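Below, chain A partners chain B and then partners chain C, in two separate complexes.
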Partner chain A sequence: MPKWGMVIDLDKCTGCQACTTACAMENNTLPGESWQDVLFYHEGKYPNTSIKWFPRPCMQCENPSCVHVCPTRATYKTDDGVVLIDWNKCIGCKYCMIACPYGVRFYADERPLLEPDIRQAFPGSDGQMWSPPFQNPESDWSKGIGIQPRGVVSKCTFCYHKISKAPAGVTDLDEDDPDLVEYVPACVRTCAPKARYFGDLDNPESKVNELIANKRGTRVFEHTGNKPQVYYLGEHGTVPKFDPQFDDQA
Partner chain B sequence: MNVLETLITRRRFLQASGAASALAAGGIGLRRLNPISESKAQRLSSGETVVTKNVCHQCPARCGIDVYTTDGRVHGIYGSMNSPIANGKLCPKGHLGTYILYDPDRYKGPMRRTNPNKGRDEDPQFEAISWEEALDIVAERLNGLRANNESHRFGILYGRGWGASCAGLLGTFGQLYGSPNIAIGHSSMCSDGSMVAKGLTDGNESYNAYDYKNVNYLLNFGAGFLEAFRPYNYLMQVWGHIRTKSPKTRVTAIDVHANATNAAADRKLLIRPGTDGAMALAIAHVILTEGLWDKEFVGDFRDGRNRFESGATIDGDDFNQRWVHGLETWWNEELKDRTPAWAEKITSIPARHISEVAREFGTTRPAMAIFERGPTAHSNGTWNGMAIHALNALVGSLFAEGGMFYQMGPSYGPLPVSAGDYMDEHAGRVQERIASGELPRIDMKGTNRWPLARNMMQEIGPNHLAGEPYKLDTVMFYLNNPIWTAPDSKVWEEAFKDIFVIETSPFPSESAKYADIILPDHTYLERLQDAPTYPFEGWPIATLRTPAVEPLYDTKVFGDTLIEIGKRIDGPMGEYYQALDNTENVLRHLAEGFRDDPGTNGVNDFESWKREGVWYRKPYHWRQRRGVFYEWDGEGYNRRMSPSEVREKLLRTPSGRFEFVSGKLEQHADYVEQEFGIPAERAGIIQWVAPEHPGGGDLYFSTPKTAMHAEGRGANIPHSISLMQPVMGGRRTVYLEIHPETARERGIRSGDRVRIRSELGEIEAYCRYFEGTRPDTVVLPMEHGHWAQGRWAEGRKPGHSGEITVNRSDRISGLASYYTTKVSVERA
Partner chain C sequence: MSVTAEQIPGGPRYSGNTMTATLMLAVGVIGLVIGLIAAWPKFIHGGAALSQGSDMMWGLPVVTYAFLALSSFGVSMVAGVGAVFRIEGWDRIAPRLFTLALGLSIGALAALALELGHAFRTLWAIPLNMQIRSPMLWMGAFWGAYVVFLVWLLLRLRQVDIRDNTVRMLSIAIVLTCVGALFTQGLVYGMMVMRPVWYGAATPLYYWVGSVVTGLGMALLFLNITHRFSHGGLAASKRRVMERHLPVIFLVALVGYAIVVVSRTTAGLWSSAEGVQIVYQYMVASPLFWFEILICLAVPIVFMSMAGLRGNPLIQTTAGALAIVGIFIARYEFIVGGQLVPLWKGSWIPALVEYSPNSVEWGMFLIGVFLAITVYAAGDRFFNTGPHRGD
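After this line comes the complex of A and B, so read on.
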């Protein structure tokens, strides 16, 4: 059984947000409710201003605080290392959202982030929050895959509907391999500069372990003890401090 | 207790706790108490998923896409692994194509306007009609114009033409129908500045193809390499490669504000808008004075001793030029005084930075200087562009490995009929009047008003309004929206009130709001359509769209609409289109050319083209190595080319060399003198010309495109809007970037609503403080402010930048100077 993990090389990432849109269309998330967001920061005074960006999927923690706090055991860790939500059990209490140090859980029932509300353009049917004609046919509410019902929390599944079908024994899901491309998470598959890698963290021979070792992979917020299964390489991997000037006033 | 009550109404909690059935009987949350976990635990469909080949439509790049369709519904788009541009990857826009197909605001069939009044606030009151009716209405009008000897008053204006089966049909249509205004492209509102600058210096009036994979230094003047430069997807693939290869490619990026491109570069330089040419000249000055030029391409002093000294002239007889022309004149008449200290005063870039860049650029091979609208969308754009491109000659990157070339076209077969056989007397007469200059185009391109421009679309609105050179009667739009995108667009809103407008877009737009007839196109996922590549790596590529699904609505691919109109024109023109039949027939004939020249991927006929979605043929045929030009002989770059062959095929200037003194500009010396006040004898010299900044304000106004700007439609794609301007947090609007000092001087707080004003009027926007924007500049991405583009686009702030952008164009290239207006900003 693999322990799936992701490596993101911030020296190659161009901040283009293709991971965000690929995820949004693969998983039919609502505009702005980005399971795979890219956060942007800028620092310094003119003319020496730097812009940094930080792509942020669910960290799929080894020791996930969201799982620990869930009162209904709706959110759980799979044997192959992925944190999922059973929408049949989720009560939408949002404890997991508070417990998550990374801000990668979403509750989309409130006022839409973008208006007009796309859910009114494509009203929900069959219990779903919305039902666009371009919906991915893959759906499994027990794993938080597909379009959720109202009143539940949703999150990145590492595209579990894809990776869970990968041939047994594969060390890395490399999108450049025609035999594996369909099992690769959407964000990894589309990443043009190839800043993302996806593989088995338990296999010492895997490409992801090679990159973590050679390029000194780091994890975000190690002090929380969550032990993310997403590693970052490169220089942009710091998260600048919160700047209150960027409180949205519009 | 409230919390508990809330929880208890949540059906999933009930289900999980085993109380579901009991409480269901009580009616709480009954709506969804069926055993959903079973019914939803598998694919929603049992149908098979089919993958079809298509080409993305959201920028010009031609990325091949795999379209995933199950049970007749498209639900996924990924880059095609067999597309040499996409290589399995996509940019952020590419995935959103399904929205284009299922856009709820799409037109659902042909329509006719019933409200004769036109304007922003006039509801066209469209009523549905049949295709037969719609085409007959158009044909009757066009036949009438022709009968009255007024066929020139029909124009077709197009934007993103894709290939031989759409825009490629327009030229013939104009020839047979008899109008100089069929067709007028949008290139002067796009990026003609770089094309014309290259045409004037190396003789190829085209965008470049680039060998990025092998470049070791990139000097980028205002191209949004990691945002809007194309092919964006491929550029990012290349970025991942060049930034991790050995040696790592070093990048200097020059712009007027901090953005993703220069943030990711090794050096960011924030330059005063419109002054890039001064910096390029100073870099050239350093390259020459420090002896860093490529001696094998440029040549050298006969005795090998460098005589380039600041302020001192050289004797041309001492210098043996190889593939360049006019170096002595360029140095003596211009470059010798263009020192970094001189350029600092103009550009605000410290002289030491200019010298550092020059030394890096001059000592790292292969190196390329790239540029696009940043330096060229100004009144002096062509001069800026020529100065930048001259750097490529100085370091020998033209046609070199790791350098730049020009794109080869595909091996298409001939069409089944020849237009020349179907010209009637009227068509012949009009051609003669065009050739003699008696009948100019409505935009006056090619007249003494715009002798060097490629198109002048932005002049059509004003010219029609003035009746100069004449009034148009009927206009057909294909994939463009000039009533919104033209600078000073409100003039177009007035001008097009009395023109009969035929719109072919599948979507509402400002131009469509002025339409009298809507003949809606398929969206791209429904089309069969060819698309030869934009300049890429030089070797030819022809991509093909195949429909993923049957058309959702009563629409028709534009090429067929045009052919159907053609069939209805009286006389031999109608017979030509009867013989041409339809676009599939056209495409089948094009593909016949592949039989004799099968693609590298094995594509050799129409069926294999459809299956693969692309025909391409490697390699590129020419290479310059150490100052010698070679042609591909089937096995390698082995056949040495003569100077006359180089002139014919590669450096197509009067001298057959790269021209620091442009022979073509010298032929227009009087025009240059008249428009720029440059003495005629200096007209051809690549030189510094100061930009002009109309508008009456005190701040430069830059309106770039962001990575999410999906061509023509980004403003109505919800996911695009929510990701539009990530650096500034623009997720519902796009913010005006303003430097904090500039804002505070005007009493503006971050987040305030502000008025941006020029002599044309004012628009409103929300602003945000940004230390990355020059204090003398404000930046507002061009995206929102639509008033007729769909439910997500309409009414979204900020106002449209085009309404306060003065319609001023570069007098050489004709490129609309989108970034040259100055504005004032105040709290609203």
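After this line comes the complex of A and C, so read on.
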């Protein structure tokens, strides 16, 4: 059984947001509810400023605080290392959102994050919060795949509907391999500068492990003990301190 | 062994006034209707009607539920002292306080049910899946048992006196389960290492101290209203409890709580943990904080320190009401404050999360509060029977 993980090379990321768009199309997420977001940070003070991009999916933590706090076990970890949500069990208490250090969980039953409210343009049927005409046919509420029903939490699934069908024994899901491209998560497949890699963290031969070892991959917010399965490469693989004065300086 | 009404010690009794209970009941029902009207959009539009969202997950409805639940536990602890140790006079106030505790728990459950995405699903999804690592599971288990024991005790009190042995056992069970629920509720926040304003082993203790203050404040407020701001008709032992014991213990609890608040605020203002100092600076800069400290905490301490004043029913009512408002503000600051620092957001969220409750959330608050008042008043009005009639 693999332990799926992702490596994101920050030196290669151009902040194009293609991954965000691909994820939204693949998973029919609501506008503003980006399971796969690309954060940006300003650093330094004018005139010596720089901007840096930080793609942020769910970290599919090895020791996921969201799983530990969920009183109904609606959030669970699969044997292949992915954290999923069973929408049939979720009570919408949002404790997992409180407990996720990475801010990657969403409760769609709230005011629209961006206007206009697309849910009103495509009212939901079959219990879904909305029903767009371009919906991905893959849907499994027991794994949090598809469009959410009302009153539950959702998040990135590492495109579980794709990766779970990959042939057994594969070490890396590389979009350049024609035999494997259909099993590659949408964000990895679409990344033009190839800043993302996806593979088996338990296999010492995998490309992801090679990159983590050779380029000193880091994980963010290690102090929480969550142990993400998403590693970052590059010179600036740390998150800047929260600085609420930023607005005044700008 | 059961004790009959004839064997009850304590001299003359307060002659129960159904008028006060009826008035309280009317206030409760009117408040409930106003709350329902204000919260109506929640029933139509769901979570979209609320001001809280993915940045502020737990807003006023959760504050309301936490406040009412902790108040219920506090009131039960106060009642439990009388019922478990059989302190003469104190035991006579216990039945009414247990009714209040039940009302507060029902109000808390209503606020929580309105907030949850799937309230009824909790009934099977939590017990059937048993995530024992989650403090929320334990809080639910303790709270559920606590409510069952409360109902059982109140039903039994319709036949027997508070000095009955089963009632004593039930009172012990109530105190133990409410302390369990209190501490696990503290753990719901205290275990969150990613939320440094909440994190720490002292959080459950902070909850406990606040809960004792609210319990005593609620006891003084509701008992004095029920006795129509006069201790004249009370039995001597009960009067002694109302005029001497409760106010002095209230004073000790208030001082203890003030020490905790000062130490938390000082530690927060000088903390080097990322995000803590900013939140405390933000809280201390708010007039709400100073209202809480100077009016809701200092004034009751002054009132209860004055031996000539603390037995006065009107002074007790004022001090109790102020302390209750202060603890509510503290719960709001704590729960909302813990979420003010946005978790790992980019430069497009440069400041603290902005949140102010809207009218729908205030409607949910009113539902919780007035449901508690309604249950208490209905208990007094319709179920004040058996050996305790007239207490």
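By our rule, the second predicted complex is superposed on the first by the 243 of 250 C-alpha atoms of A that agree within 3 Å, B and C clash if a C-alpha of one lies under 4 Å from a C-alpha of the other, contacts with A are read in each partner's own complex, and residues count from 1 in each chain.
The rule is simple: contacts are C-beta pairs under 8 Å (C-beta built on N, C-alpha and C of every residue); 3 or more make two chains touch, one makes a residue touch a chain.
Predicted, not measured: the structure shown is a model, and the values here were computed from it.
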Just checking: does A:26 make contact with chain B only, chain C only, both, or neither of them? Give me first, second, both or neither.
first
After lining up the shared chain so the two structures overlap, which partner does A:90 touch, if you call chain B first and chain C second: first, second, both or neither?
both
What is the contact status of A:124 with respect to chain B (first) and chain C (second): first, second, both, or neither?
neither
Which partner chains sit in contact with A:138 here, chain B, chain C, both or neither? Use first/second/both/neither.
first
Per the contact definition in the header, classify A:114: touching chain B only (first), chain C only (second), both, or neither.
first
Have a look at where A:190 lands relative to chain B and chain C in the superposition and call it first, second, both or neither.
first
What's your read, chain B or chain C touching more residues of chain A?
B
Could you list which residues of chain A make contact with chain B in one structure and with chain C in the other?
40, 42, 51, 72, 74, 89-93, 113, 151-152, 246-247, 250
Using the touch rule from the top, collect the residues of chain A that touch chain C in their complex.
33, 37, 39-42, 51, 54, 56, 65, 68-74, 89-95, 97-103, 105-107, 109-113, 150-152, 220-221, 223-225, 239, 241-244, 246-247, 250
Residues of chain B that touch chain A when the two form their complex
7, 10, 12-13, 15-17, 32, 36-37, 40-45, 47, 49, 70-71, 73-79, 81, 88-96, 98-99, 101-102, 104, 226, 232-234, 236-237, 239-241, 243-244, 258-260, 263-264, 268, 270, 707-708, 718-719, 721-723, 726-727, 729, 731-733, 735, 739, 750-752, 766, 768-775, 791-792, 797
What residues of chain C sit close enough to touch chain A in their complex?
46-48, 50, 52-54, 57-58, 116-119, 121-122, 125-126, 129-131, 133-137, 140, 188, 191-195, 274-275, 278, 339, 341-348, 350-352
Touching residues (chain side chain A, partner chain B) in the complex
11-12, 14-18, 20-22, 24-26, 31-32, 34, 38, 40, 42, 44-47, 49-53, 72, 74, 86-93, 113-116, 118, 121-122, 127, 132-142, 146, 149, 151-152, 175-176, 178, 181, 186, 189-195, 245-250
